[in-house]
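One structure, as C-alpha cells, below. Some questions next.
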Amino acid sequence: MLVDQYNPFEGKMLQILDKDGNVLDENLVPQIPEEDLVKLMRTMLYTRIADRKALMYQRQGRMLTYAPNEGQEACQVGSAYALEKKDWMAPAFRELGAWLQRGVDLKTIYLYWYGNEMGSKVSEDIRILPVSVPISSQLLHAVGLAMAAKKRGLDEVSIAYFGDGGTSEGDFHEALNLAGVYKAATVFFCQNNQWSISVPKHFQTASETFAQKAYAYGFKGIKVDGNDILAVYAATKEAIERGRRGEGPTLIEGYTYRLGPHTTSDDPTRYREEQEVDEWREKDPIKRFRSYLVGKGLWNEEMEVQFAQAVDEEVERIFKEVEQSGNTLFDDIFKYQYEKMTPLLEEEYEEYKAFFEERGML
Amino acid sequence: MPVLNNVQAVNYALMQEMERDPSVIVFGEDAGYEGGVFRATVDLQEKFGVERCFDTPISESGIVGAAVGMAINGLKPVVELQFCGFTYPALNQIISHVSRMRNRSRGRFTLPMVIRFPSGGGIRALEHHSESPEVLFAHIPGLKVVMPSTPYDMKGLLIAAIRDPDPVIFMEPKRIYRAFKQEVPEEDYVIEIGKASVVKEGEDLTIVTWGAMVRDTLKAVEEANKKGIYPEVIDLRTISPLDQEAIIQSVKKTGRILVVQEAVKSFGVASEIIALVNEKSFLHLEAPPARVAAPDIIVPLPRGEQYYMPSPDMIYKKILEVVNFLT
Amino acid sequence: EGRKQETVVTEKRKVLATPVARKMAHDLGVDLTTIRGTGPGGRVMKADIRAAAERPQTITTVDSQP
Amino acid sequence: MPVLNNVQAVNYALMQEMERDPSVIVFGEDAGYEGGVFRATVDLQEKFGVERCFDTPISESGIVGAAVGMAINGLKPVVELQFCGFTYPALNQIISHVSRMRNRSRGRFTLPMVIRFPSGGGIRALEHHSESPEVLFAHIPGLKVVMPSTPYDMKGLLIAAIRDPDPVIFMEPKRIYRAFKQEVPEEDYVIEIGKASVVKEGEDLTIVTWGAMVRDTLKAVEEANKKGIYPEVIDLRTISPLDQEAIIQSVKKTGRILVVQEAVKSFGVASEIIALVNEKSFLHLEAPPARVAAPDIIVPLPRGEQYYMPSPDMIYKKILEVVNFLT
Amino acid sequence: MLVDQYNPFEGKMLQILDKDGNVLDENLVPQIPEEDLVKLMRTMLYTRIADRKALMYQRQGRMLTYAPNEGQEACQVGSAYALEKKDWMAPAFRELGAWLQRGVDLKTIYLYWYGNEMGSKVSEDIRILPVSVPISSQLLHAVGLAMAAKKRGLDEVSIAYFGDGGTSEGDFHEALNLAGVYKAATVFFCQNNQWSISVPKHFQTASETFAQKAYAYGFKGIKVDGNDILAVYAATKEAIERGRRGEGPTLIEGYTYRLGPHTTSDDPTRYREEQEVDEWREKDPIKRFRSYLVGKGLWNEEMEVQFAQAVDEEVERIFKEVEQSGNTLFDDIFKYQYEKMTPLLEEEYEEYKAFFEERGML
C-alpha cells in the first residue's frame, strides 16, 4: 500500500508526475478513465477561472472577503474525485475546487462569498457541510459523520479538509484521536500550503512533516505532492478504500502552495518573498496536468482556449445573477434559529419587522 | 408507578427513549461500561450494546464535535459531560457549531442532540465540580437550556429534549440527584420545553427559581407561610427560552418578584428575568425586583462553601425584605 | 335604618403606577388603591396622587360592617 | 500630540509599555512578524525582537495557557486572540485558570496578563468575526472586562490593563478601529479600570452603552437634541466591574434609563445593568428601564447584518419611547 | 542518550531494576549518592503511608474526596528527585509523592483534600503550582513557565504531570506542540497508570504507546518502567539536562498502575479484575526498590519498621492538626479574587459578613 511505501518518517513523498507532467513511475499511475482525466482538467481550470474572477470582483468592490485557492486545485479536485456520492465532505473555507468537483454550483459558492446566507445551503443531494471558519473544528464533524455511518451499517466515508496551521488546534488532536480509537472511516486531508496567513509552517510545529502526526494516533499518514493530481487522487483513493473496508482513518498531507493572498484582506508581500512564489508557480498543478494530458493527446491549446472562454462567460453570467440576488431575506435571519421560533423570538421578529417595514427597508 | 430519585429518572428516560428510538445513542467519559460517575447511564451498554452506549476518551470538545457529525448523519446523540466545570473545553464546539448548524445551513442540517451534565454545588466536591454556568449557554442563540428539579420533570423534560429537533443543553442539579424520590409514570410522557411550573401558588410575591434552589426556596417559603406570607413559587424548568408568560402573569398578580439563583450574582440568569419583568410588567411593581444569588466569587472548596451557597435562611430574609417594602 | 354611612370596601386591588409615583404616594400618605388613575390604561399619575393628597381624605377603609 | 485612530492607539500603548517594562511581551497568531491582521502589534517585533513579540501556532487555548505560566514566572503577557469568535477555544483556560489562579493559590501566584481581541460586528466579515461575547467574560469572577471606545481611552485603559496585577479581558471594537482619530497624549497615562465616563450630560434620561455603540448612540442623541430631548450618555468603558456609582447617580437624576448593547438581547450585559438599577434606584424610576440590542439570533452574514445591528434610528426611537413614558 | 536508545516505536521500555529489585544492566544505573537512595526510599514509604491513611480517614468520614496514588510512588518520587530547586512543577491531582519529594509539608496537602483552601498555598520557596483539576490544562502552564525562564535568561526547567487519559485532551496537544515550536524546557511526564477512572488506556488512544506521541511534535519520547524508580529518575534526569541545555522538551511515559480506586468516590471492582490488580501488586515500586537497597546493605526490616512507626505517628498528628483547622476563613473567600476587592465585591462582602455574623456563623 502507498501508505506503507511512503513512510513520512523516512522523508518520503508520493509523486507521480514531475513538475513538467512526466510520469515518474508508470506503476503508480492510477486507473482513471480518459473521459474523467479530461473532466478533472476542466474542473481544475474552472476552479482557477472562478477563483481569479472572485478575486477580481472583490478588488472591484463587488464581492466581500474571499479566500483564494490558486495553486491548490490538484489537492482539492483530485481528492474530491476519489469520493463517491454517498461520502461526506467537511470543508474548511478554501475549498473551491473540492466544492466544484463535488458538484456544487458556482452560484451557491459565490453567494457565500457575496455575504448571502443562501450560499451555505447546498442542494440536498450533495453531501457537503457548510464552510467551517473556526480552524479545525470541522474535523470532529467528519469523524462523527463516519462514526454514525458505521453504527448505521452504512459504508460511507468522510473527508475533512484543513490547513497546515489547522494541525495546531486542540480539535485536530481530538478528531484524529477519536478517529483512531473508533476506527472511523475518515480521511484527514491537510493542505500544507506552507503558510497560515503570515506564519510559515515551521512556526506551526517542530514536526518534520504533518503526515507523521498520524502515528501519534495509531494510524498512518502519507505525504503527497499536492500539486500532482494523480498523486493526490491515488493516495486519497487508497485511504477511502481502506476506510470503506473498515480499516480506519488516514492522514494525508498534500504538499502544496497558496499562490494568492490568504484572503482579499491580506497582503502577502508583507511576509514572503516574491521568489518563493515564483518557484512554486513553476510547480503549478494545472500546468503539470496539462502537459500530461497533452502528452496523452487528450488535451490541446484549442480545447483550452475554447473551454476557458466558455467558462469565462458562464462565470460572468453567474456572478451577475449573484449580484442581483440582493440581501438575505429578513425572514430568513429569524427563521432558522430553531425549527419553530420561540415565543420571545417571535416577538422580536414582529418588532423588528415592523421597524424595518416602517422605514421601507423590507 | 416506579418511585425514583432524580438520577434514576434520567436513567429511566434514557432507557425508554433508546428502546423506542434506535437512533438514540449515549456516550461520554465513563458513560459506557461503568454507567457514568453518577450512574445516570447505568445498564444502558449492557442493554443496548457498545455501539449505542459507549465510553469516550477524555475529550469534551471531541465528544460534542463528533456528536454534531453524528446528528447530521441520522443519529440522536445524548452526550454526557462529566461535570459542569468540564463543559468549558467544549464551548467552542457548542457556541460555534451546535447552536448554529441549522441556521448556517438554512435548515438543511439540523442537530437533534442533547448535552447533559450534572451542575451546581453543595456536594462537597473538588474545584470545578460545583459550577452553575447556565447563563453562558442561555445567552447563545440557537440553544435551549433546561434544568429540571424533580424526578417527574427530569424524565418528561429529558424525553422532550431527546425528541426536540434542536440541540438542548440539559443541566442536572447534582446536589439533588439522590435527595428525594417521587412517583414517575411508567408510560412515556413529555414536558414541554419552555414551560415553567407554578409549584406553589401565592399572592404576596413571586419567587422565580430553578434547579436545586427550588427545594431551598420552598423551605424558606414554609417559614414565610408561618408568618402569614404567601409567596408564589415558579420553578423555571427551562432557562432558555424563558417562560415569559408564567413570570409576567404572576408578577402582575403579586406586584413583587424575587429571583433565586445558585450562580454568582452578576450577569446571571436572574438579571435577565428582572430586565424582562421591567419591560413587561413595570407598572405592576410594588417593590424593587430582588435577587438572592451567590456572591461574585469563585466557588470555594467544601470548607468554605457554606459561605457561598444561597441558603433558605437568606431567601427567607429576602422574602421579608421584598414583602415589607413600602407597606 | 336610614342611610348607611358612606364607606368603600377596598379589596387588595392592583394598581398601575411607576415607582416614582408609588414613592410619592407613600411620602404623601396617599393610599394608591383608592385613586382612579388618569394615565394610559388607568395608570396612576403623579398628578393624580398630588390631587388626592390635596383633597381631604373622603375615602377610608371600613372598620366594621353595620 | 499624535493624532491616532483606535488601532493606532493600541499599538502606541503597547509600544510604550514594552519600552518602559521589559517584562511585557506580546504574542498571538500573526501578531509577530506581520504585526497582526489589524496591525495592532505592528513594528513591535522589529523594535523589541522576536523574544518579546512573536507569532504563535493557531492554538488559542495554547496561547492563553502558556501566558498563564509566563505570568507566574515573571512576565506580563499581552496576548492577542485574532477575533472575538476565536476566543471560545480558550474559554476553558480563561474560566478555569486565568480567573482563578490568585484565589486558588491564596495570592501566591498572580496573573498580570491581558487578553486582547477585536470584538463586535459591522465590518462585513465572515461568520464568527462579528461576535459580542462580553457577558460570557463578565459573569466570571476574577476577570475584569474592558472595552474602550476612543483612542484616548484605548491607550489609557490598555496601559492600565497591562499594569493591573490581575488578568484583564481587553475588547477592542473593531468596527471603529479606523473610524476616527483623536489626539492622544504622548506621555503615559492610565485610565482607572472600573470607571465609566459621562460622554454627554443630560437630564431627560440616562443612556448606558459601550464600545462601538457609543458612536451610534451619540448620533441618535443628536437627533433627540433637535427635538429638545437631552439624554445623558455614559460610556461604560469597563464592563466588569460595573461603575455602579456613575450609573446610579445618573439614573437618580434622570429617572429613566436605556441600555444600548450590540450583543444579542437576552442574558446580556444590559440585563445586569437593569437589575442593578432596580436594586439601587428603584424608587427613582419614572419609566421602564429599556434595552436596545440585537435580536436573539446568530449574527447574520454581511447581506443580512443590517437587520441585526442596533442602529441610531432604533436607538432614537427607543429614546422617544422612554422619555415619553408618562408618570 | 536513553531517549535515542529506547525508541518507543521499536517497542522499547527503559527498565533498570526488575520486579525483584535486581539490576538488569549495571551500565544504566544512575549515579545517586547512597544517602539519597535511602532518602528516596523514605519518601516513597512516607508517601504510601500518608496515602493509605488519607484513604482511611476518608472512609471514616473525616476527609473529603481523595485521589489515592498507591502504586505510582516511583513515578512521582523518582521524577521529582531529578528537579533542582529552581525548577517548576505543574501537577495534576494525584501527585502526593511528587509534592512530598518537592518538600511540601503533608499538612498543606492534607488541608487541600480536607477541603480547606489553605491547602493550595504552598510555601513561597517551593516552585509547585496548585492542584490542577481540568485534565491536561496544566501542561500549558508548564510550557509557559519554561518559555518565560528562557526569555529571562534563566535555566529553569519545568515538569508537568498528567495521566494516560490526559493525552486525549486538546490541551495536551497544544502544550506539546508549543513546547516543540519554542523548544521549551519542559518535561511532560505521563503517568500511564492504565486507567482513566473506569476507562482502560486502549480506549484513550489507538497509539501503541503514549511515548511515541512526542514524534508528532518534533521531539522525543521515551517509555520507562514507572515502577522502577531508577529508570524513572534516569529518564527524567536526562530530559531535564537536555532541557537545561536548550535542547527542548521530552515526553516520558511512566508505565505504571493505580492500585487503589480513582478517588474515594470510585469503586474499581465495577470495572476491573482483581487479578489485574494482583499482577501489578507483584510489580510494586516500593517492594522492588526495597530489595535493591537491602541487597546493597542500605536498608533492612528494622529500619523500615522503625521508620514506618515514626511516620505513622507523625501523620496521625498532622491529620489531627488538619482536623482542628476548621473551615476556610470567611474573609479568605473574598480576599483573593483580585488584588483589591472591587466596589461591588466589597458590598457583597459586607452584606454577607453581616448576614453570617447575625447568625453567629463567623
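Order of writing sets the labels: A, B, C, D and E. Residues in every chain begin at 1.
To be clear about the criterion, a contact is a pair of C-beta atoms (placed from the backbone, for glycine too) under 8 Å apart; a residue touches a chain by one contact, two chains touch by 3 or more.
Per UniProt, the chains are A, E = Pyruvate dehydrogenase E1 component subunit alpha; B, D = Pyruvate dehydrogenase E1 component beta subunit.
Quick caveat, the model's predicted, so the values are computed rather than measured.
Chemist: Out of curiosity, which chains are bumping into both chain B and chain C?
Modeler: Touching chain B and chain C alike, sorted by label: D.
Chemist: Just give me the whole-number Å value for how far the CA centre of chain A lies from that of chain B.
Modeler: Computed from C-alpha means, the inter-chain centre distance equals 40 Å.
Chemist: Per the centroid of Cα atoms for each chain, what is the distance between chain C and chain E, given in Å?
Modeler: 73
Chemist: Measuring from the mean C-alpha position of chain C to the mean C-alpha position of chain D, what distance in angstrom results?
Modeler: It comes to 48 Å between the two C-alpha centres.
Chemist: Residues of chain B touching 2+ other chains?
Modeler: 56-57, 59, 61-62, 85, 88-89, 92, 96, 103-104, 127-128, 141-142, 242, 266, 282-283, 285, 288, 296-298
Chemist: Could you tell me which residues belong to chain C and also touch two or more other chains?
Modeler: Touching at least two other chains: 17-19, 22-23, 43.
Chemist: Mark out which residues of chain A touch at least two other chains, giving numbers and ranges.
Modeler: Counting only residues that touch two or more other chains, chain A contributes 117, 133-134, 168-171, 174, 177, 181, 203-205, 332, 337, 344-345.
Chemist: Would you please name all pairs of chains that touch?
Modeler: Applying the touch criterion to every chain pair yields A-B, A-D, A-E, B-C, B-D, B-E, C-D, D-E.
Chemist: Could you list, by residue number, the parts of chain B that touch chain C in their complex?
Modeler: Where chain B meets chain C, its residues are 203, 252-253, 255, 282-286, 288, 326.
Chemist: Name, in rising order, each residue of chain E that touches chain A in their complex.
Modeler: Counting only chain E, the residues touching chain A are 9, 167-174, 177, 180-181, 183, 203-208, 212-213, 215-219, 248.
Chemist: With touch defined as at the start, can you tell me which chain D residues reach chain B in the complex?
Modeler: It is residues 61, 85, 88-89, 91-92, 95-96, 99-100, 103-104, 127-128, 135-136, 138-139, 141-142, 240, 242, 263-264, 266-272, 274-275, 278-279, 282-283, 285, 287-291, 296-298 of chain D that touch chain B.
Chemist: For the complex, give me every residue of chain D touching chain A.
Modeler: Interface residues on chain D, with respect to chain A: 29-30, 32-34, 37, 55-62, 85-86, 88-89, 124-129, 265-266, 295-298, 300-304, 306-308, 313-314, 317.
Chemist: Okay, in this complex, where on chain C does chain B touch?
Modeler: Checking each residue of chain C against chain B gives 12, 14, 16-19, 22-23, 26, 41, 43.
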